[in-house]
C-alpha cells in the first residue's frame, strides 16, 4: 500500500501554526529575560556573596543542571499544588523555564565576569578609577562580549526546549502539532512541517544574533 | 646532476610576493647557509623544497623528482627529505622512541625490532641514547630539538632542511644542537640551513646564500662571503647580526 | 485504590533507572557511531562531504529532540514501518547525540595545531596515518571532558522517551503519581534519582577539564 504525501492538509492549519509559533516565542523570550535576571543575581551571589549565599547559589545551579527539564516542569505543575502553590499551566511553564535558564545563565554570567583578568582591574584602580567606574568601563563591555555567544546559543536551545511545555497542555507549537495530527492523521507531514518551522526559527535566531554581535562588538 | 635544482621560482601569499624568481642549485654534500632578515623569504623557500608550500611558477627538482608537479607523490619524496622545524614539533603523546620509529614502521613498513635499533642508533648520534623511553615534556628545548633531528635522520634522507632550529632555544642550549650539526656535516650529509648561526656557517658551510626582499641578493663561498660582503645590504645585515 | 507513597514505590523508581541507563548506553553507541562519521565528514577535504556533515549538524541542532522522537515513532508507523517505543527513542536519541558529538569531536580535531600535521607530513606519513597516529590520539584527550559533559545531557534527554510511553524513570514517575496521588514526593524523588546519576558525571567532567588546562 503506497502512501501519498498530503502536506496541504497540514498547511491548511497555518493560522494554528502561527498561534503556536507566537506562544513558543513568547515562552522563549520571557524565559530568557527572567532567566538572565536570575543569572545575574546568581552570579553576583556566587562571586561576591557571603559563604551561605554562595553555597545556596551552587546548590541551585547543580540541582537544575543535573535534572531534566521535563521533571522540573512536572514538579512545578503537578507537585507544587500539593504543597499549596497552584499555578496555571502557562504560568507554571514560564516559571519553570525561568528557573531552568537561570541556572545556566548564572554559570555564563559568572564565567564572563571571571574572565576579566585581575590585572585589568588593578590597572583600573591604579589609574584612580572607583569600583563602579572600573566595573562600567573595564569589566562590563568585555564581559558582555564574552557572554554574548553563550547566551545566544542558550536562547536557541531554550526555543527548542519549550516544546516540552506541550505536555502540561500549554498551546505552543509542538502542542499545535498534536492537535493537527489528531485531526488529519498525517503524522509524517505534521512533524516534518513542525521540524522545518523550528529549524527556520533556530536559523533565524543564529543569524540574528551573529548580526547583533557584529553590530555591538564588531571591530572598528 | 645537482641534488636540488630550483629554477626561477615565484611564490605569492595573496597579493604579497614572497619569492621573486629564485634560482639555486645544490650539489650533493654541500652545506648551504641561507641568511637574511625576517620576511626575506628564507623559511618559505625551505618549505617549498619539500612541498609544504606550493609555488606559483618555476620548477623545483629534488633528487630527480619534480616537487611542484601535481602528479608527484609528495609522501614518498618527503621520506627522502628531512626537515627540522624551529619549534621541534615532536609528537607530545608519544615517547621519544615512538616519535622516531613511527614513520619508519608506518610509512616504510620497517619491522618494529629493526626500527627500535635504528632509533637507538640515531639517538646515539645526537647524544641522547639514554632518553629512549622519555616523553617530550620531560626534555629540555635543546634535547627536544636533538630528538627532532634524530627523528628526521631515522628516515635516512638524502637531504636535510633546517628552519632556524636554534632560534627558539636558550643560548646555553644551542651548543649541543650545533655539535650535532657539525657531526652531520662531517659525515657528508647535504644540508640546507636557514640560520643565524654565523659561526657554524663560517666553519662548515660550503656556500652562503643571502636573501633580500624575496631574491637571492648575494651568494658565494661561506667564509669568504661572510668576511668580505660585496653588497651593501649584506654588509648592513652582517653588521646588525654580528654586533 | 489510592495507596500511599512508600518505599516499595521508591524501589520501583530505582528499578526504572535501568531503562534510563539502557537508553543512554544505546544512544551512546548509535550517537557515537554517527558522531564519528560526522566529525570525519566535516574534516574531510572534499567539499561535498564536508557540506553534508555541516548540513546534518545544522538540521539536528536546529530541531527539538521531541520532533525527532515523535516523527520517528508516529511518522514511520504511518509509512508501514511500525517501530516500538524503544527503537524510536534510541534512533531519535542517536540522531540527536550524533550531531552534538560530531561537533565536539570536530572541534577537538581542529584544536590540534597545524604544525603537528606538518611534522607528520614531512616524515612522509599520509593523511590517514597522520590522523590515526598523530592527530586523533591528541584530539581524544581534548574531547574527553566535553564528551562526558554531553553524557549528562543525554541522560536528561532520555526523560523525553516517556512521552511516547517508554517506561524509563520519568514514565515510572507518572505511573506512580497516578497510583499514589503524591506528585510532589514522587517527582522530587525522580529528580533526586536523576541528580544521583548526573552529578558525579558533571563533577568528573569538570575535573577532567581542570586537569587538561591546569596541567601545563
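Labels A, B and C are assigned to the chains in the order they are written; within every chain, residues are numbered from 1.
Please note the rule applied: contacts are C-beta pairs under 8 Å (C-beta built on N, C-alpha and C of every residue); 3 or more make two chains touch, one makes a residue touch a chain.
Small disclaimer: the values here were computed from a predicted structure and weren't measured.
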So which chain ends up in the middle if you average the CA atoms? C
From the centre of chain B, which other chain's Cα mean sits the farthest off? A
Chain centre separation in whole Å, for chain B relative to chain A (CA means): 55
For the pair chain B and chain C, the C-alpha centroid-to-centroid distance in angstrom is 47
Just give me the whole-number Å value for how far the CA centre of chain A lies from that of chain C. 20
Which residues of chain B touch chain C in the complex? 50, 52, 74-76, 78-79, 81-83, 85, 87, 89-93, 102-103, 106-108, 151-152, 155
In the complex, chain C touches chain A at residues 58-59, 61-68, 70-71, 74-80, 152, 156-157, 159-160, 162-163, 170, 173-174, 177, 182-184, 186-188, 190-191, 194-195, 198-199, 202
Quick one: in the complex, what on chain C touches chain B? 115-116, 118-126, 129, 133-134, 137-138, 141
Under the touch definition given earlier, write down the residues of chain A that touch chain C in their complex. 1, 3, 62-63, 65-72, 74-75, 78-83, 156, 160-161, 163-164, 166-167, 174, 177, 181, 185-188, 191-192, 194-195, 198-199, 202-203
